[in-house]
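Structure first, then comments.
The letters A, B, C and D name the chains in turn, as written, and every chain counts its residues from 1.
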Amino acid sequence: MSNPSSASVELLDALVDANHVLYHQGIVDAFGHVSVRHDRDAGRFLLARNMAPGRVQAADIVEYAVDSGEAVRPDPPRGYLERFIHSEIYKARPDVMAVVHNHSPAVLPFCISRGARLRPVCHMAGFLGGSASRDGPELFEIRDHAGAASNLLVSSRELGAALARTLGASRVVLMRGHGCTVVGESLPVAVFRAVYTEVNAKLVLQALPLGEVDALTPEEADATRITNEGQAARPWELWREQVRRLRGLAP
Amino acid sequence: MSNPSSASVELLDALVDANHVLYHQGIVDAFGHVSVRHDRDAGRFLLARNMAPGRVQAADIVEYAVDSGEAVRPDPPRGYLERFIHSEIYKARPDVMAVVHNHSPAVLPFCISRGARLRPVCHMAGFLGGSASRDGPELFEIRDHAGAASNLLVSSRELGAALARTLGASRVVLMRGHGCTVVGESLPVAVFRAVYTEVNAKLVLQALPLGEVDALTPEEADATRITNEGQAARPWELWREQVRRLRGLAP
Amino acid sequence: MSNPSSASVELLDALVDANHVLYHQGIVDAFGHVSVRHDRDAGRFLLARNMAPGRVQAADIVEYAVDSGEAVRPDPPRGYLERFIHSEIYKARPDVMAVVHNHSPAVLPFCISRGARLRPVCHMAGFLGGSASRDGPELFEIRDHAGAASNLLVSSRELGAALARTLGASRVVLMRGHGCTVVGESLPVAVFRAVYTEVNAKLVLQALPLGEVDALTPEEADATRITNEGQAARPWELWREQVRRLRGLAP
Amino acid sequence: MSNPSSASVELLDALVDANHVLYHQGIVDAFGHVSVRHDRDAGRFLLARNMAPGRVQAADIVEYAVDSGEAVRPDPPRGYLERFIHSEIYKARPDVMAVVHNHSPAVLPFCISRGARLRPVCHMAGFLGGSASRDGPELFEIRDHAGAASNLLVSSRELGAALARTLGASRVVLMRGHGCTVVGESLPVAVFRAVYTEVNAKLVLQALPLGEVDALTPEEADATRITNEGQAARPWELWREQVRRLRGLAP
């Protein structure tokens, strides 16, 4: 764990905790995954082996190469089929330090109904809109890239690259019939965004029957995002304390 | 427990755990039941005595004959009134190794509203559609078999056989005003399908107000089903670990 | 506890457990109450003092007279303002052995929207319809009895009697802007009906957007009710075991 | 803690518990805050430092001046950006003894959909209407005060004063795209109102598809509010006992 190319213990611990937080918050179930860019080598990232996020321990974390999306060490444990989501986004977006892929329950309806848009409607979710995505996240239609008979999985470098192109410079990309992928400048920010993407989606679903929805202006979205990212430690500390307590660890 | 015709201890344990998993996941409440085909005698299956699934222990499991739907041993404890759901499906479908019957809360609306169809809308639920059931599961209307004054229960071999005919070669059958029945090639697969039938139903209910729903194509449904069945161990291990911990057992 | 007019310890224990079950099942919150008719004196009933159901212990149970709705013993602890719901129903309905009053969350919409009917749509809730209430429970409009400026509480013998008249020979009565009252031939049956009134209400709310709702026929409702009452011990044993475990008691 | 200007230990303890109750009841998540007016100096109020309410301990409580919205002691810990919500309401409303600000999930849709009104529809939420707010709470549109590019936060005395003006003599004010603020004549009453504002909002959202909603008359709203405030200790004792048990404290 202490050779020069190893990621820091703090980063490993944070990634394990992030797996449990996302499960505890209902953002992933037995499926979904979260990665973080290596803190001593920008060409690598850390991701659990193929398993349910709520069971991940430090020994389950594997180093992957950004370039290939394959494990760095020989003879690695079985990986997630969709690890290319992570590798291709890290490749296309040097600013991204963490990636969450999930089947978030209130977000999925926006990946199912034609023409639906997930605009930010509350100040905690400004990151969904703003100058980078004025109408909310784009939808990745895998039929355009893999045809009408695919298994919907982003299971190759090519499909990962196509997803990264749809993400563009924004922070969230919806995936038709599948879920979404969320990025952040840090692990706490990516987890924060994954949770509040779900919160905002629930709000839109509940607000629809009441009348025309009043979304944040792009300027409001940008302003709230900047303010809230300065507060991302607040939920992170709460959530991390909760999952560490559930695992019998010191907070 | 060790005479030649006994089911393996592993199968018994797995069936007990499946009862608890289905309760813990909210798929059954005090009602509903899960069975597994005997692993040393294809003409038998295992099912708990008449009790809430969340309270089942190994001593509560009873062997039933596929042919009659009656307990093998003399003087058995009281059985479920609807054990014929299980026996007649095992009879009609040699490929089926496990059966779940439930009143799954988000699935029931599709058993109540005339003309509603439960099409697969996310890649975890491809088993609902595909070549075997292009428009999603069929609805079993018990009025067609038991008249308009029945207690809605599948409480005879004849009604069980009628239900099995409506199921046909598919994996899920809806039951009007009642619930659904889900089958699988193994216990983990049947439990997986029962859980994700509920997940998919919730998604459709939430997506409806957003606009026209974009279901998986039959080809996508088949492809995702094949891929996901290769991953069925992932949720099974998570869920089993959870319910064993709740019961104070070693994971 | 052993003088001839005392209720049995078993009944007291069951009433304490029923309070906790209704709280644990989300049927009551800090408000709502459940009573049982005295098992050695049909002119009395047992009800907790004014407190949250989830905190009730045996020492909190008070004997009330059916005739007056007042406590039997002198200098009693503060009672529920709406104890007359219980006394007047026991007076009007000798067949009723237990009464639950609650603000059940999915039932309340049917007490708020003009013209809404809570018909039974699943076989667990046949008691809502049948020959005694073909279109589902009636709505008690307190404005008809207390005017348009009341506090909506059934806080007198007169209002209790009016509510009992609206209940008539049925099993559930809705109360406008307030909640519902559920009766049973035993405590387990009344608790069962309170829980499945909520379940059925959720189902109707979820099924509405899918299309025209197919309710049970009155004959189906009667038949399912009779069958399910023979199964009322199953949930009761599960629920009771759960709340006793939560309180650190032997199941 | 015992110098003359200190708040009582009882008040401090109650405020800590109120933070945990609001988290446990789902009214705040990692964001939101609750304050209480100092019980020995009406020109001060108590509020936690900038942190998640569910983690607050007595040592985290800070005294603020009503006049400035700034901490009384020099070199205070980082405060909530929106502490001016509290200070300006205490200034404008001498009758108010406690203030809750939150992003209550079912209330937010009423802060998002144009023209939606949150009228009281059940007797537990009469405080939402009545003579002081006949059509339910007013909506504070921050664009009218901070322009169309703000971060939506009430982060100055001026914005706090504008919010207090929109609140007027009522008990709840909605905040566009943001949440709500609830006041009370005591801490238990403010917490009660925050919880039942959420309950009432859920009811309206669920009742809408059933037909025209029948709200309480203003006279019913006033009458139920007066009655229920006499019962506010009942939920407060239940909720406080629950969160103290969760923290391992004596109830």
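FYI, a residue touches a chain if its C-beta (ideal position, glycine included) is under 8 Å from a C-beta of that chain, and two chains touch if they have at least 3 such contacts.
Just so we're clear, the structure is a prediction, and the values are computed from it rather than from any experiment.
K.L.:
Treat touching chains as neighbours: how many steps, at the fewest, connect chain B to chain C?
P.N.:
Minimal hop count between chain B and chain C: 1.
K.L.:
Farthest from chain C by Cα centre, which chain is it? Let me know.
P.N.:
If we average the C-alpha coordinates per chain, A ends up farthest from chain C.
K.L.:
How big is the gap, in whole Å, between where the Cα atoms of chain B centre and where those of chain D centre?
P.N.:
One centre to the other, that is 46 Å.
K.L.:
Starting from the mean Cα coordinates of chain A and chain B, work out the distance between those two points in Å.
P.N.:
Averaging C-alpha atoms per chain gives centres 33 Å apart.
K.L.:
Quick check on chain D: which residues sit in contact with 2+ other chains?
P.N.:
In chain D, residues 208-209 touch at least two other chains, as defined above.
K.L.:
Chain C touches which residues of chain D in the complex?
P.N.:
For chain D paired with chain C, touching residues are 121-124, 199, 202-204, 206-214, 216-217, 219-220, 222-224, 226-227, 231, 234-235, 237-239, 241.
K.L.:
Note which residues of chain B are touching chain C in the complex, please.
P.N.:
Against chain C, chain B makes touches at 29-31, 50-52, 54-55, 81, 103, 105-106, 108-116, 148-153, 176-179, 205, 208-209.
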